[in-house]
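Per-chain numbering from 1; labels A, B, C and D assigned in written order.
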Amino acid sequence: MKLAYWMYAAPAHIGTLRVATSFKNVHAIMHAPIGDDYFNVMRSMLSRERDFTPVTTSVVDRHVLSRGSQEKVVDNITRKDAEEHPDLIVLTPTCTSSILQEDLANFVQRASLEAKADVLLADVNHYRFNEMQAADRTLQQIVQFYIEKARKKGNLVTEKTAQPSVNIIGISTLAFHNNHDCTELKKLMGELGITVNAIIPEGANVDELRSLPQAWFNLAPYRELGPMTTDYLAAEFGMPCVDITPMGVVETARCIRKIQTILTAGGADVNYEDFINEQTIHVSQAAWFSRSIDCQNLTGKKAVVYGDATHAAAITKILTREMGIHVVWAGTFCKPDEEWFRKEVEGYCDEVIISDDHGLIGDRIANSEPSAIFGTQMERHVGKRLNIPTGVISAPIHVQNFPIGYKPFLGYEGTNQVVDLIYNSFTLGMEDHLLEIFGGHDTKEVITKGISADSDLGWNKEAQAELNKVPGFVRGKVKRNTEKFARDRGQTTITLEVMYAAKEAVGA
Amino acid sequence: MTVAAEPQALNFECETGNYHTFCPISCVAWLYQKIEDSFFLVIGTKTCGYFLQNAMGVMIFAEPRYAMAELEEGDISAQLNDYEELRRLCEQIKKDRNPSVIVWIGTCTTEIIKMDLEGLAPRLEAELGIPIVTARANGLDYAFTQGEDTVLAAMAARCPEKAPVAQEEKDERNAISKLMNFGRKKEDVTVSDSEYKDHPPLVLFGSLPDPVVTNLTLELKKQGIKVSGWLPAKRFTELPVLEEGYYVAGVNPFLSRTATTLMRRRKCKLIGAPFPIGPDGTRAWIEKICSVFNIEPQGLDEREAQIWEGVEEYVKLIRGKSVFFMGDNLLEVSMARFLIRCGMTVQEIGIPYMDKRYQAAELALLEKTCREMNSPMPTIMEKPDNYNQLQRIYAQKPDLVITGMAHANPLEARGITTKWSVEFTFAQMHGFTNSRDILELVTRPLRRNENLKDLGWEKLVRDEAIV
Amino acid sequence: MKLAYWMYAAPAHIGTLRVATSFKNVHAIMHAPIGDDYFNVMRSMLSRERDFTPVTTSVVDRHVLSRGSQEKVVDNITRKDAEEHPDLIVLTPTCTSSILQEDLANFVQRASLEAKADVLLADVNHYRFNEMQAADRTLQQIVQFYIEKARKKGNLVTEKTAQPSVNIIGISTLAFHNNHDCTELKKLMGELGITVNAIIPEGANVDELRSLPQAWFNLAPYRELGPMTTDYLAAEFGMPCVDITPMGVVETARCIRKIQTILTAGGADVNYEDFINEQTIHVSQAAWFSRSIDCQNLTGKKAVVYGDATHAAAITKILTREMGIHVVWAGTFCKPDEEWFRKEVEGYCDEVIISDDHGLIGDRIANSEPSAIFGTQMERHVGKRLNIPTGVISAPIHVQNFPIGYKPFLGYEGTNQVVDLIYNSFTLGMEDHLLEIFGGHDTKEVITKGISADSDLGWNKEAQAELNKVPGFVRGKVKRNTEKFARDRGQTTITLEVMYAAKEAVGA
Amino acid sequence: MTVAAEPQALNFECETGNYHTFCPISCVAWLYQKIEDSFFLVIGTKTCGYFLQNAMGVMIFAEPRYAMAELEEGDISAQLNDYEELRRLCEQIKKDRNPSVIVWIGTCTTEIIKMDLEGLAPRLEAELGIPIVTARANGLDYAFTQGEDTVLAAMAARCPEKAPVAQEEKDERNAISKLMNFGRKKEDVTVSDSEYKDHPPLVLFGSLPDPVVTNLTLELKKQGIKVSGWLPAKRFTELPVLEEGYYVAGVNPFLSRTATTLMRRRKCKLIGAPFPIGPDGTRAWIEKICSVFNIEPQGLDEREAQIWEGVEEYVKLIRGKSVFFMGDNLLEVSMARFLIRCGMTVQEIGIPYMDKRYQAAELALLEKTCREMNSPMPTIMEKPDNYNQLQRIYAQKPDLVITGMAHANPLEARGITTKWSVEFTFAQMHGFTNSRDILELVTRPLRRNENLKDLGWEKLVRDEAIV
């Protein structure tokens, strides 16, 4: 058992349902008790879906518990088949019902006989997989199912398109800014002269899946959804995959250059260098911002980064490499991706933290005393408590992560949006600090740290008075550095002289 | 829709039970706030935890007084010892928070793996020295608000059996009367006690926000009736005394199990009344309690009339309009009865579970109201089937659908006006005073859509074959 | 004299310089003392201009004061003419130097003889015109100058283009979100099949001005810059003007329908109804948001709106008409536009306030106790002090009004951005309230109003305790309403009974 | 750029004066904070007001202790009576804030319309009972930081002429020594006084943040020198005593007018020293003061060496690099001297105004430093012409340009590294301790652009004919 107040990753069935409901005309049957069906509420309320969520619960109640659910599950499948005419019905249990260890595969087989739709059991271990792993697996499973079905029926499309083409893999519902990212990627591909062959799973028909192999390559921008599918397509058809997340000016250029390599190998005569240069220097404002005076003042400021693997790694690189900001530590809750994450952020931060314990993350933030936090909604609240400005860069999703205005994280417009996020985090923080210094807000309180052991050292009155003159937002740092300096030198009382000496020696 | 049909009898039906509602563990969100010295530990899976985190509207910002005991693979496969695991977590909670009570909320999973919470609790309680109350708020047996029922039923067993003898102790225990007499001198209190008529002790049950508790307590005081205590109280250490023969009355329609426990296990006498929702319900509730105590109610006519007068601006917005309850929080019958009294027509009352005995007085009042308002008797649809309900909604075109969160946006996109049922669960809606709040909520979507009407944005989905 | 802490409108010369420097290859000479030249700093720092601001100060110092500035001004004009080869040099004094009453017109005439560029004296009264009026006037003056010049030279283009075409008038530098608005308007015109003949002044060459008359109509989205020019063009050439600001779904549709009327009158066969419907219902998310559950909870909430005439009027209409929010009062600092503003917001708010006294505006906000404020940066700070969430909707400009990410206020993407602004203002406010109720933030203080007379009525202990249970964000309202109720009935002490009676009677 | 040329003499030139800098009224932004019981009233036009609002980085959020007396058409055309108008505004200020002093800041406009502020002030001061100090911080005569000079020169006239006799009063007045002795018993203070050498009273002038005031006061105390007071003090009511014959020393290079006033009107003796900026300047400043008082300075060698050691990590980032000052805040000569000592080459020192007498010691140290560092003597360009400077920058390609805000972004866009001069005006840069802060600022753009170097984003503007 684990005492848990907050989770970064949802349970597995949420991942499966995100993939199933992203497809068009796919219905999911959830084998679960009343109340486990809140996915429908999330989709309707968070992403303001206009349509009913195509998920029906085959209710597990006391009755089912005592007599088994076979008839009920099969009935529900065939009923939905008749009512909604879906192309595919995906059956999934939840953590709860998976314990019953009913032979769901057998129910699916039985229902298949009667239903016009294809019927599939999501093949996920609900105690070992989290949301992301389940989503990745479910997408791969559905793709494999339709590839194999087409192969059997002989209508698989493997011949490459005449012009360069791409499958964009990993766009899904209830994911972080995915809808806007997708628009931006389509625009980018258009500008590169690449036809979008398919986007999966969001908005795709399962019938399109048999044509996936005709694309020249796959683009999988997210670590959390897509890699299993692109691996499968690579193994089956030798399809190359671009798995560089085009987030930030540098990585977007690297992604485009990788695409160029693939297209060139495929016989296309493309050179994207001028495009990259024009976008970087004149279309996107991010490179210019990095060089501008506004950004100069961010140089060397301390930040911490935490989120899913994709976003935390990308933002860490942008902060360090494109803006000269000092990332004290970067972390992710995507524990299975530890190796990948460490490699990505190596050299871009002082320390890497792999953990999904929100308490630990909160403590580490408090101890690091960064000037800004880039994290999830939870870190935003930690930041509120500690009075440190926070930009939200990652799921778990929240209604605020479904902005109505266009806010992609990927591509060149994404670079602009990310700059705004970073800049506003620091400067709105700065504004509060200035208000404190200039006394604009009479009600403003000094900043107190949530977690910070009181000192064993004495401060004499003059030194205390001097410390109080230090603006609140650096006072903690000055205090700690001065105390460390004094402790190292065996001094027990801090005087003005000690303060100045500490500043001269270590910049306290 | 104008219906001129003669009222018949209430029609009870039951469908497939394929409907959306919240998990009963939701109740921790309001109960932990209500009982200020409590800690709620929900023993379940990641699925339960993610629900609490997402569905409650507020995320778990800091560390509230509830948490998950998240079951991991080792727990499910019984490789770990339940007692040891729970002890470890509860010790941590004791150390961090030192609550007066830890409430274990069992879930579907603890049911399925047959974790013996009721067996483990007394042993750990003795070892830890903190009361542990166990409630099986699982989705296999219960829906949404019934979670409160399971907790209150469990807590009923913890109410003291005898009133303490010393006056001081009594003062301490009876927090409500203290509040009422706050700041008065001893003599005044005695005088004030004489304002009450002589009647057997009365305890009310149901979790309400403090201002509503005060309000209802005052309403009864006006009739000379003294409320001896509330279940739950603001603090676990202030649970009301329940002696055999005490009278009890519920304020919420979803507390049938608590009512049964109070009658069977604590030998209390249940006052079966309509629920104090809306001016009509509140009046009926007070009248029924008065009648049990042989008290002639004073001024209720004027009081009710005055309330109706005060909310007329709202009532005229809904008079003659139709409403459809898809069924969610078990407040549906009381709400429907009140809205019919306001002049609405109710097309269907979906409800997850219908205890006809516990709700008997409310059902009777509903029937009476329909007759008096010349409104058709609605069908009460227990365990509804949402898919079928949608077909009926498309056909009947209600002016307002009161529904769970999963359906509100899609219905609005199809030009059908909705109100979330969940909001009523959290609103202060009991008593005379709060009638306005119910109507503020009920009329909001109507007022809003009235506002938008001229913009011609009725249908916000592309043409589709409505099947 | 006026005691002033804060100004909503800049001085006149800023308006002139905004117009002059918006044009390409136009140089401005400012006749002013050292230190009056901060326009260059604003343009460089606020809008992060990459180029040097083409404004040179002909410095007024003690020497000039005693001997007159004639030679210096003329020298500076001819020097810049030689150094920068501008098409046009605009000369302007500031408030300060205008008092010297030198014959600047004569200097201009003298300089014209020598300079290759055209030389023009901005014709503005620096004590009667504010920034907006001066900008409007300067644009008209430059347009008229080049129309007349072309007429004289015989190269004026008056024949209409074959296809429908438009001049977009009023886009300028250092204006509120103008760059993104312009992009959105160009996109919109493209979708309507209308060629953009000219955009002035931003990015335009003065040589383009002689071709203005060939457009079918003028589009002037802002009250603050454009009307004098469109009036002039209407008077000279009978050019129709669309002056409906396409902000919000309803007004954008009205703007497009007005365009349709003009095009139809001009002989084009256009019908934009399907386009409007598709954009409104499916492309923009604003109409759907208005109907969604998120927005339902905003119904009847109180807001105040304050800003320039264009934005304050448009936001007021959106709040009231598209979202059902209750605008308690709407105000503007554009006093010369009082009549227009009153007409625009009539029926959409309880009260109209025309004032540029920021103290008065602050007091009115405090007294109104709105749930949200939509105003300028100044109101944002008032909101911070009062703990009321604020969305910034109008100049005076601030570095935050030059976001790097795409954030137009106009057109269909503008409707999305405006929805986000409104929604986030209310919900982030709501989040703070929820935190207060749920006690998530241990450091959170209750809200205290800056301006609020203490009560003459006594609250007994029970009532006081009850009042304290009311969440902070409505406590002020409950308190005032209850006290008003008691006062009306001659009661001097508030008891629990009085509280309940007040609630029952007036919803306190 | 490596220059091996022999150092010659300093070269003074003067250009057209067509350069950008801030208006001298800027000084209210730091002076109102420094003098805590003051109120600054800037008497000028909308142009002045909008500058204060925009250029200071912080907007006037609430109501700080400064405001505009905005001149309207009636004031300009003399239809309104200046005295009556100012009285109305100052009465309002007295009522709202009750400051110990109101400082009238005259502007270009008051100069042009010849408003007789010096004539009006005494009359209103007498009528209102609040001291009114007038300063002509106008752009016709002064640039940016010289605004402080005009205010301090005006305040010098308000310093008490005689030290109060009673010990108590002295204690009260001498806030600095109070701070130094805070918390000590009377005996200690006497003892502490004996730590000081016997020397004539010394008053320092120049507005510095409190921590820097304390720091410099302590540095002198280490040499046995007692600072009798600072102009300005934290409070107007604590202005230092200035008797004839007192010694005064400035800490800022832009205070020539204040220095002249102290010498001519208050008959003080000016200690002409380099300014305490950088370890070298601070050391020279202390040494010069010591030498005037015939005190042998103690441990300055070690102190300076220790500071240099502490900042070596920064110094090595700039050693051998070149810097170009466009001229903005009159700190340029001191900054240049310090940076040459750090091993930089200075290509040009633009400066709005060069008082060779007041800065004589600093200029001598600059020359000496160039010789010792074998660095070419820079040209000091008074009243520079920014257009010409840009041509020189394009030609000389400095590694760093220190410039006003109007040019920083365009230069960066052209691949030229810049630092805003304004930041040095607001930074704590005086004394040994703060040397690190100067270098932190100076090296920041270099560190930043070093960071970005590999990205190949040197030129962010389209090709253009650089004219």
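As a convention for this text, contacts are C-beta pairs under 8 Å (C-beta built on N, C-alpha and C of every residue); 3 or more make two chains touch, one makes a residue touch a chain.
Just so you know, these numbers come straight off a predicted model, no measurement behind them.
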**Complete:** In terms of mean CA position, the chain most removed from subunit A is D
**Fill in**
Expressed in whole Å, how far the mean CA point of subunit C lies from that of subunit D is 38
**Message:** Can you compute the centre-to-centre distance for subunit B and subunit C, using the mean CA position of each chain? Integer Å is fine.
**Reply:** 49
**Item:** Averaged-CA centre spacing for the pair subunit D and subunit B, given as whole angstrom
**Value:** 69
**Message:** If I count partner chains per residue in subunit A, which residues reach a count of at least 2?
**Reply:** 45, 48, 50, 288, 292-293, 381, 385, 435, 440-442
**Message:** Give the residues of subunit D touching no fewer than two other chains, as numbers and ranges.
**Reply:** 61-62, 64, 405, 408-409, 413, 460
**Request:** Draw the chains as points, connect those that touch, then say whether the picture is a line, ring, star, complete or other.
**Result:** other
**Message:** Please list each pair of chains that are touching.
**Reply:** A-B, A-C, A-D, B-C, C-D
**Item:** Touching residues on subunit B, where the partner in the complex is subunit C
**Value:** 33, 57-58, 61-62, 64, 179-180, 182-183, 210-211, 214-215, 218, 306-307, 310, 405, 408-409, 412-413, 418-420, 432-433, 436, 440, 444-445, 447-449, 451-452, 455, 457, 459-460, 462
**Residues of subunit C defined as touching subunit B within the complex** = 249-250, 280-282, 287-288, 290-293, 295-297, 299-300, 321-322, 324, 434-435, 438-442, 460-462, 465-466, 469-470, 496-497, 500, 503-505, 507
**Asked** Contact residues on subunit A for subunit B in the complex?
**Response** 1-7, 10-11, 13-14, 33-38, 40-42, 44-46, 48-53, 56-62, 65, 76, 83-84, 94-96, 99-100, 127-128, 130, 359, 377-378, 381, 385, 396, 398
**Asked** For subunit A, which residues count as touching subunit C in their complex?
**Response** 45, 48, 50, 285-286, 288-289, 292-294, 381, 384-385, 399-400, 403-407, 413, 416-417, 419-420, 423-424, 427, 435, 440-443, 445, 448
**Complex contact set, residues of subunit D against subunit C** = 17-18, 20-25, 43-47, 49-51, 53-55, 59-64, 67-73, 75-76, 80, 85-86, 88-89, 92-93, 107-109, 111-113, 138-144, 352, 387, 390, 404-410, 413, 460-461, 467
